[in-house]
Structure formats: C-alpha cells, structure tokens
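Structure, as structure tokens:
So that you can tell them apart, the chains are marked A, B, C and D in the order they are listed, and the count of residues begins at 1 in each.
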C-alpha cells in the first residue's frame, strides 16, 4: 500500500543557504510532526547555479532543480514559494510570485528599503494570496505562553518593556572591514537585529507609536586588508526609547559586538500585577513573577516548556526536554499551511512586516534628527 | 531533473509511538541536515494495526505500511530496521531482524531482563550487522565537548562523580495504581531512568565496577480505581553508590516522583584540575571550572553550544541558538549511517548496552542483598 | 588590663533610621573586622526627640544622646559626624559640621537640589576636612574586582554599557497617593535610584558627558485615601541614553514599580576583549566573559567573592560564603577612616557626588527639553 | 546622658581565630541590630598568649584580656562564655565552664570523639545552664522559611532528600601533606562537612535513623615536603545513604576537593506536593516548586530573602538586599540571649549536637562494616 498518495501543498524553494535549509527541514518535517496536514510535495528548488540546485535538491528531497527561480512561477505544481535569498532580492521575488498566483513564505525582513516593502505589501493585497514572513521566534511555545498570559491579564496592563538583542559576531576589533560595514549595507545592528525583539513585542503586546533613536560604533575603523585601516560606515550598536501604542514606555538596545552574547534576545515586561522575563538563549524557559499568594513565597518562577504549551506536544510528549531553533520553523510552516487553508493561524503577514519595519526606519530617522519621531 | 535518483539506505520502522515518530523525523531530516549522506528511502512501516500503519506511513513519508512487522524482514529493499516498540518486544524483534540480515537501530534499554539483552547481544555478534541503541543524550554536542575535555585532561583525572535523573510523572500521590506500579513492570525508577545517566557517564568517562543500591517508595500505595487502595510494588526512587572502573567514587540517584523536575539529568564531574557540571534541562550548556589563571577570576563558566561543537554547525550556523531534543536523534541517525558505512562513528552498540544494563541489574541485586555487588 | 585604652576617632551620629543604624553597626564593627584601626569612640547621638535619642544611644552603644544635632558640633570629642537624616537636611547639617571643623560622612544623595549640593561642595573645599558620601555599593569587593579588571584592560576598552535599577515598592497600583508621589518630592525614580547605578559606573569606568532623558508613569493616579483618586505628579520610571566621557554609549533605566525586582542593579559592560555583567541581587558574584583560549570553552564565568578580593578576607577567610549589605558599610567606614588618616582610600567625596548629581539633573533637564543635554 | 548604663549579659570569649572574631562581631552587633536586648558587656577575652589576648581585646572591644582561659570561669562578671578554640579543646572548656555556672556558646562540632561530646552533654544536663552550638547556617531566614514551609505542609510530606556540601580547599593535588591528612585528624571531609548539611536537615525536617557510608580519596598521596610522597590517611570525599526518622530516603555527599565549589551546601527536598532546593552559595534565595495552579505556569520560583522572612528585617528594611555570612552569627547570638532569658528560641543545644554527631560517627562505622548502621 502506498502511504503518500494524497496530495499536499506543492512547494518551491528559492535559496539554499542557512534559511533555505531551515525551510527545507520544516517542509520535510511538518507532516510527521503535526500529523494533521498532508505531506507537502517538494516540487522544485532554485539556486543561482544549476549544479548547486541539483545537489541541494537531492539533499533536501526536492523532485527537481533549476538555476532560474522564475521557472518556479511557471510551474503549476507549485502552490507556495519559500523565499530565502538575501534581503535585497525579496521584493522582486515576492512580488513576482504573488503575481504568478503563488503563496509566499518570505524570510524577514521584507526588504532593505521601506519603499520596497511597501511595494511587496501592495502586491500582496492585490493578489489574494497568503504572504507570510519568517519571524520564527514568535512561534516558540514559550512566546505563545507569554502572549496568553498578557492577554489574560496575568500580569495586568503592561506599562514598561525592555528589549535587548545581542550577539558577538562583530565584536572582534581586528576582523577586517567587510561589506556589512559599508553604509550601503544598511544601518548596521539596527537592521540586523531590531526586527527580532520588535516582532516579539508586537506578538505579545503590540506596536510602537513613537521612538527616539541613538546609534554608536564600538570601533571607529577596521583593518582594510591592505595594511591600512578603513572607517566603519554604519553602527554596530543601536538604542531606542519607545512609546508604545498601549501607552507603555520602553527601551530597545541591540548590539552585534557584545562579546559572549550568542543569541540573546531578552524581554522584560513589567505590568500592574507582575512581570515576565524571557531570554532567547534559554528559549524553553519563561520567567514569571505574579503578585499573588503570601509575600513570603513570591518570586520569579522558571516555567519550562512542556506539552501543555501547544504545540510543544507535537514534538515531545514529555515536559522540559527542549525544543530547538529549527523546530520553531516547523511550527511556522504549520501555521503557514493553516493560513493557506483558511484556519485561524498565528503567523506574521505583510501587514505585520510593514509595521515592524516602519519602526526600524523611524528609529534611524530619529537618530538623524535628534528628536522623537512618530511611527507613521 | 530528478534530485532524488541516488539510492540511500532502505529503512523499515516498527512502532509509531513517540520514539517511532522521533526515528521517522530523524530519517526524514538526516540528509538535509548533514548534506553528506544520501536521503534514506523510507520503505516500509509496521504497526500493530494496518489502519494505524497506513495513516502513520502517510504522515511519516513511508512508501508502504503493514500490520505485521515480520514483513519488513522479508523485504529486500529494507537495509535497516528502527525498533521503537515497548521494551518487552525489543529482544524478539532485534534478534529476528539481525538474523534476517538487517541492521538494527533499537531504542534503549535493550530488554527488561538481562538474559534477553544477552540473547540480543549474541544474535548481533553472530550477524555481522550493525546494532545500535537509541542513547540519544550522548549525541548532544555538549556531551561530546565534555568527553573531549575529559579525554584531553582539561579537568585532570576524574575522581568523583554525581549523577541525578529526575522527573515528576509519578509525583502525583493521587494518581491511580497503574501497570508501571506493578512488580512485573520492573524495579521502577531504576529501570526507567538509570540507563540515561549511566550512558552519559560511560560516554564521557567509562564504566562502573561495583555498586551499592538502595530503593525507596515515596508513596506506599495508590488508589486502585475501585474505591480502595493498592500497595505499590516497585520503587519510584533509587540511589546507588558507585565505584568506577577508573577508581573514582560516585553516587547515582533517580526519582520519578520529583515535583518540578521535568527532564533533569545532572552530572557533576570532579577532577584533579577542575570540574564539569551538566544539566539536561539546559542541554545546550556546559558548566566548566578550570583551575587556571589568576584565582581572582576563576569561576564556573557557562559554555553555550555553538558551531565549534560539532555537529551543531550542521543544524545552525550561529552559536547559542539551541538544539532541540529531537535534533539529537538526527545526529544519532547520522552516526548510525556512519557505522553502517564503516566510518568511525559515535554510537552505542550492544556491547555498550549490555555494560549499562548489567550495572542497573547489579544495583537491584545489591539492594536485595544489602551489600556491595560487582558489575560482572 | 584594659583593652580599649587607646583613642580612636570620636564619632557623632545624626539620625537613627535605617541608614543611621547601618552607620552605627559599621562604627561598632570596623575595628574588630579590620584589626588595623583603633576602635572608634561612640561619643554622641542626635535624634529629633531626646527620648528616641536616648534609647538609640543605648542600642547603638553611644555614650551620650541629645535632641539637638548642633550639640555635636560643639562637642570637642567628636571628630566625625555621620549624617543619616532625610535628604532635605543634608545640606544644612553637612555645611555646619564642616564649618565646625568636623569630618562628615553623609548619606547619598547630597541634596535634592543641585544648588544645595554645590553649597555643600563649597563648604567642604573651604573646610580642609574629609567629606565622604555613603555610596556603599561601590565598596563591594566584587565591584572593586570589576574596576580592577577594567583598569587592567581585561575586557579592553569599554564601548557600551547598560545600567538598570529596579525595585517594586511602588508597584502596587492600589497603594494610596503618598508624599513621594508629589512633584515636591522630586522627579521620582530618577532621584531615588539613578545615583546608584551612576555611582557604580563612575567607580568602574568614569563619568557621563551627555544625556537624553525620558520619564514615564506606570499609573496615572492613585487612591487619595478619601474615596477619590489623585493624579501622580512625578515618575516611577526613568530612562536615559548616555554618552560617556570615554566615548562609550550607554543606556540607563530605573523603575520603582517593577514587580519582583527587589534590589536589582544590573550592569552590563561591553568591551573590545570581553564583557562583564553584575547584578546587585547577587552581589557576591561577577560574570566575566573574556575572549581568550579555545573558542569551544569560552563562556561567561561566575566568579564568587573570595578572600582574594580584598577586603572580603577581613570578614570571612573562606571563599563563596557571602558578604551582606551591611558589610559594605563597614568597608566604607574603614575607607573613611583611611581618608581621614591620609591614606589612599576608596570612597566618594563631594567631587564625586556633584558629578553624579549633575548627571541626574541633566537627565531631568533633557526630558523637559526633548533633546540631548550636556552634563556641564 | 549615658546611653549604656543598663547592664546586659557579661561575655567571656575564648579564642580569637576566625570563629572568635565572628563571635566578637556578633556580641558587638546584637543590640544595635535587634534593639530588644541590652548591649552585652564584653568582659574578658582569653587567648593562648597574653599579648595576642591584649591586642584582640582592643580590636574586639573587650574590657580585659588574659592568657589563661580559666580566669574567665572565676570572673563573676562573666555570664556566658564563647568557646571558639580548635575542636579538641571544646570538651574540657565547655565542661569546666558549665561547672563554673556559666552559660556556654560553643562552636560546632562538639568534639572529635563521641565520648567527649557525651561528657559535655552530661555536664550540661547537670548544670542547669544554657549550652548552645554555633550552627549558624540554621539561623538563615531562608532556612527558617524552609522549615516553616515544610511544617505547614507547603510541599506535603517529604519523602526524599539530597544533601551535598563541597569546597575545594583540599582540591590541589600538589599541596603538601598536612596535619589534616592524618588519621588522627579524623575521618576527613566527613568530620569537616557532614555536620553542616545534617544540621540543616535536622532543622527543617528531622533526624536520621539509619545510614550506609562510603568514603574515598581523590588523591592517594601528597608531597611530603621532603622530596618524597606520603599516603593520605583519611578521606576527602564521603557519601552516605540515609533512612530518615520520618521514613524518607536520602543521600548525603561531601567533598573537600571539589574544584570550583566554595561554600556549596545544597539541599533538595522532595515532597508529596512540591519541592524545595537551597544552595548556601546563594543563601539569600530559596527555590520552591509547588504543585498548584494551572500547570502551564508551574515552575520553581526563586524567593529572595526579605523583611517578611524574620529576622531579616532587623538587618535591612528592604527585600533582596542580602544578608552576609557573619549576620547569621548575630541572629544566633540573639537566639542564645533569648534562650538564656527563657524565651522560645531557635538554637541547637547539646541534645541536637549529640544527635548530629552520632549520625556522623554512624556513617564512619558503616563504612568500616560495609553494611547499614542504625543511629543509636
């Protein structure tokens, strides 16, 4: 008997770098993990070179490979396209895919420039298709717990937030000047990181109304690889004061030169009845303080992710065993399928993406002006 | 062009409970993750009922399904069989599979009784095939780091170890008497848990020469579901003093009624030049103390798993982002394929399994006798 | 034989609230703890009421008591006066004491208004006496370790700092409107807290050149105790962006309505070669990340305070046993005596106090103006 | 007016090493701290040499000094004697002091040999005086909280305990052979450490009925300081299985060669309704898991010591600010005074001391015999 006769979604994948692999793993795992969706059909994979495409198609289990991503648009077996190429290609690919009647699963951020993101948004609105963004950190069951706790009032109205994101891949002062140090590569840490904590904030609480931005350089220059030194053109550190839509105050800091921080995204959420703290480096844990019960036994509790925190149970039936980073993409994939199916699904679309990216650009704008800027 | 033309291993899967799903996820992911093995061919899946087999085959991507596991033995397309059924079936299935010329990937422990495990071992020796056990915790890159540190002498000769494993699924005193509380279900926590920390100990340091065992019951009886109460026949807590092959002393405690512990396996390893502490509830971290450098800056350091800790890099290119429990099975799957290929591979075979299970039985034996027992 | 014949410093104490008691404990303990100073003579204690003064003198071991603090100024046996009254009395008392030729040990902050602090500063300069401030957190051996590490370049040039101070004594939204919610009580959290993290920053690294301030209210109003509600006039939360004298960037946030935070003062210091993290709630620990050695074993290490971190050894000869909050005041007392003796001593004087308080006022000023303000 | 006219207890102190200093600090601080006892009169201090006695009397504030401890017995102004000399002197001094009609505050353990401890006990019973032991760890407000929680049933009946105590002062394998490595110095880690966790266990839960002991040597020999090596005669590591009076099982491990552990005393207490974990290296914190409320928010909470945990409030009015090791001795001193006054006081007397030391000797006895030994 044939176990795979029923047809799932037809998938096209563009890009096979890290996020491409992450999408491929998710498409391969989603049916086994969840058991309530048909196995996707891995139809076609596109890469810049045919040889790479072929080899990756074999690794990832795609039925065909191509060196031209536009072939996926023309392929009637493809229902949805994963776009995992460098950010500067997102706009063109997403717009074309949507025009071709495909659903789109695009890695974040939408695009380097707000105008491009807005064009993507317009194409999506015109298409009637699903356009989802790869904000996988929001798919963490721990993050869903935080959202649930806040929406249920477990810590009351949130009045102050602190967001930090730090890694150390730019911390080596002797690393030579690279493309990402050029002004043309964007603001620096602000682009690289800020969308992540802002997406978590949006997911659990909401958006940002007004910002005041500051950026700084831990190192003014780097070796130019030719025996000289070259001035760094963007900023490895950015900070912003926030005024949230709900009236809360906040502060956001991101640093890509923070020695010892590897994947830290810390949220501190202070409410009228308690506090919540989360750190992505221990993303199977939530810290919760509730002002309840006898004062003598109050304290921050460490909640370990468990089957009760859906959909952790689809991965592991026992609590405290730990999801991995790639598992979050599998959840995202399931949510995407749900959105395509018309289910209530928890995934960020281009509306969310625009809101987040506007906040980032407003921070940069404020830094230029030296005053508060509204997120229009 | 067809991306999946080259043939990988032919896989048969018996059992589709949690560990069956975990094996299926691993077989689906191993090629995409590692990129250096052909995608396995998911040939056939066996379950007790054909209907369940069919539905799981569709979920897991197996090409065919059967209600009779022996069909897999006769299928020439099957090279290796994943055995994920309840422990009491392991012996018969593994022995038959090995006799049929299949490689075997069997979940731990080998079997409830040592005689069965020994029969499995004999069948394996006679077969010339690979027989691997699902000790996935040893596949953790953090655990490999610990082994490497110890073998390189980073903390000198280890002279004392402490091992703990705790969960709380038997902690509810009001949960009704169940099969696992019967004497026929085994010793209790000793069978359920002890193989895990002992496998980690074996992996990083070595075996156990002599033991003194103790077992206890947190609750003497449980509701019998008929309005009465029934005496619990085995032990939810077990402790053993250990004398290791290398001369070190140790202590092992396991508790399946430990409220708040969800997946804790703590190792404390004390050596002549430092100490290492590990806790499975934060299994992407290793705590290392080295007696080196100025005393004023000595301290336990928290090492986050990172690409430098192979094969973490095959899952995520950035440090500190976190592997999940299921990822460890993918690594194990890759090691199994390596072992079958004749590569140097890091996986526990039936030699290891026998050594571990003998230790468990010696602890029980010692408890009965009230004196030290050699692990023969 | 008489063990107390040699004369130590003659001490006068004004105020017997918590900080008065803390000074008294320090004066009682300093000689026994350090063994290198004569026991201070506890000459006279002043309180608002004579009865309270008498009873506290008996408790604290002072030889005499008075209801008029000015009596201490006239007492030739008094060499140094501890000023521990509410902040609004500091200026008058300190100025008079200095004029009377007494050394002064005054609790921080110097005074609510900068003009008063400046008058104190002028009086000090004119007096030729020692004027020390009770910034006891800087006396922590862990903080001295951090300063030493930074000054030795252990983490290279510091390029970014984050400072947080949080408690929850104003977190209860139903607590009635109180004096501290009035505008006349000051800015709110900014006055209450900011001097603490700023003092630590100054101690380990240096001062602040420019600030941008923001303040917010978690609750707009409180019960007025008469069945109505009254608008809160100052701010329980304050945040500031910082540009440091050394060129580093920074952010400071303080919150006195942060549920679950009890005595948190967190410092994060990022440098060219490593990072340091400190949290006052675990003030016997320093977190240090150094980029050195093999990458596979790099990580934040937790350094426990120990005899090697002077003067911890004067309290406890064994490492990891833990100093207490009151012990820091004993160290401060020893430093004060050292300063009076003309030794090299580590204590903040009125120069330091003015610099810190100017920064606080600049933050408030910036908040009013909505732009960056230089700390003049 | 004279603030110190009313007479407190007359105190004699024997010994001025670390614990002598600790007692002296406590006697100096107890009245200021608590405010409800008269300031003790520091009458006389005894040391082996008169010169040392004189100098320490000056430091510690004692009115007189002597080279002969028996002078204190004859001094009618002395009501209570602090005995802080090496353990081998405790028995003689305590017995003589009690015979002389003095109350005794003796450092733990009572004596190296059980017979001596029993003689002390007999002398105490005959005296009608107070005889208290310096088990200062039980005075920790956090420990009182644990006792309260257990006695109130917050975690239900405790069915399993784990006790560990580790330091690293014997961890250096190259440290030369010293007196403490001789058999005449006692069992080794068992004497040095076991009384501490056993005292905590006794304080929060109760005593031990039966033990099985094991001891081991991390290093077989040490440099003898003359170019050769000498075999170590006692044991730096000891472990014991415990059967408690209340029917619970337990395990105790102590290690004075545990690199990186500085003052660790970890308790894990598992009960029918929850768990409690405590670590002396963070002794201002208690970890509590209660099985209550929604499963999705259950977790171990970290309770910071606070004024609500009496008598923390006598030291600091704000929560989370941290007591120090020496503060525990001040609490003990207050309890001692209370016991002398006839108040309900929480301090271990010689009944408690005998019970603890019998357990230690039973462990050693069991190790010799290789079987379980009842604590008679």
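Simple rule for what comes next: a residue touches a chain if its C-beta (ideal position, glycine included) is under 8 Å from a C-beta of that chain, and two chains touch if they have at least 3 such contacts.
Keep in mind the model is a prediction, meaning the values are calculated, not measured.
Undergrad: If I drop subunit B from the contact graph, what connected components are left?
TA: Once subunit B is set aside, the chains that still touch form a single connected piece.
Undergrad: Taking contacts as defined above, which has more of them, B-C or C-D?
TA: C-D
Undergrad: Distance-wise, how many Å sit between the C-alpha centres of subunit B and subunit C, to the nearest whole number?
TA: Measuring from centre to centre gives 53 Å for this pair.
Undergrad: Could you tell me the distance, in whole angstrom, between the mean C-alpha positions of subunit A and subunit C?
TA: Whole-Å distance between the two chain centres: 42.
Undergrad: Just the number, please: Cα centre separation of subunit C and subunit D in whole Å.
TA: The computed centroid separation for subunit C versus subunit D comes out at 33 Å.
Undergrad: If a residue has to touch 2 or more other chains to count, which residues of subunit B qualify?
TA: Correct list: 261, 298-300, 304, 306.
Undergrad: Touching residues of subunit B toward subunit C in the complex: what are they?
TA: 145, 148-149, 154, 286, 288, 290, 295-304, 306, 308-309
Undergrad: Would you mind writing out the residues of subunit D in touch with subunit B in their complex?
TA: Checking each residue of subunit D against subunit B gives 155-156, 159-160, 162, 164, 171-173, 212, 214, 216, 218-219, 237, 239, 241, 248-249, 251, 253, 255, 257-261, 270-275, 289, 291, 298-300, 370-372.
Undergrad: Inside the complex, what are the residues of subunit B that reach subunit A?
TA: The contact residues of subunit B facing subunit A are 1-6, 18, 21, 24-25, 28-29, 31-33, 35, 38-39, 45, 54, 56-65, 167, 169, 261-264, 280-284, 304, 306, 315-327.
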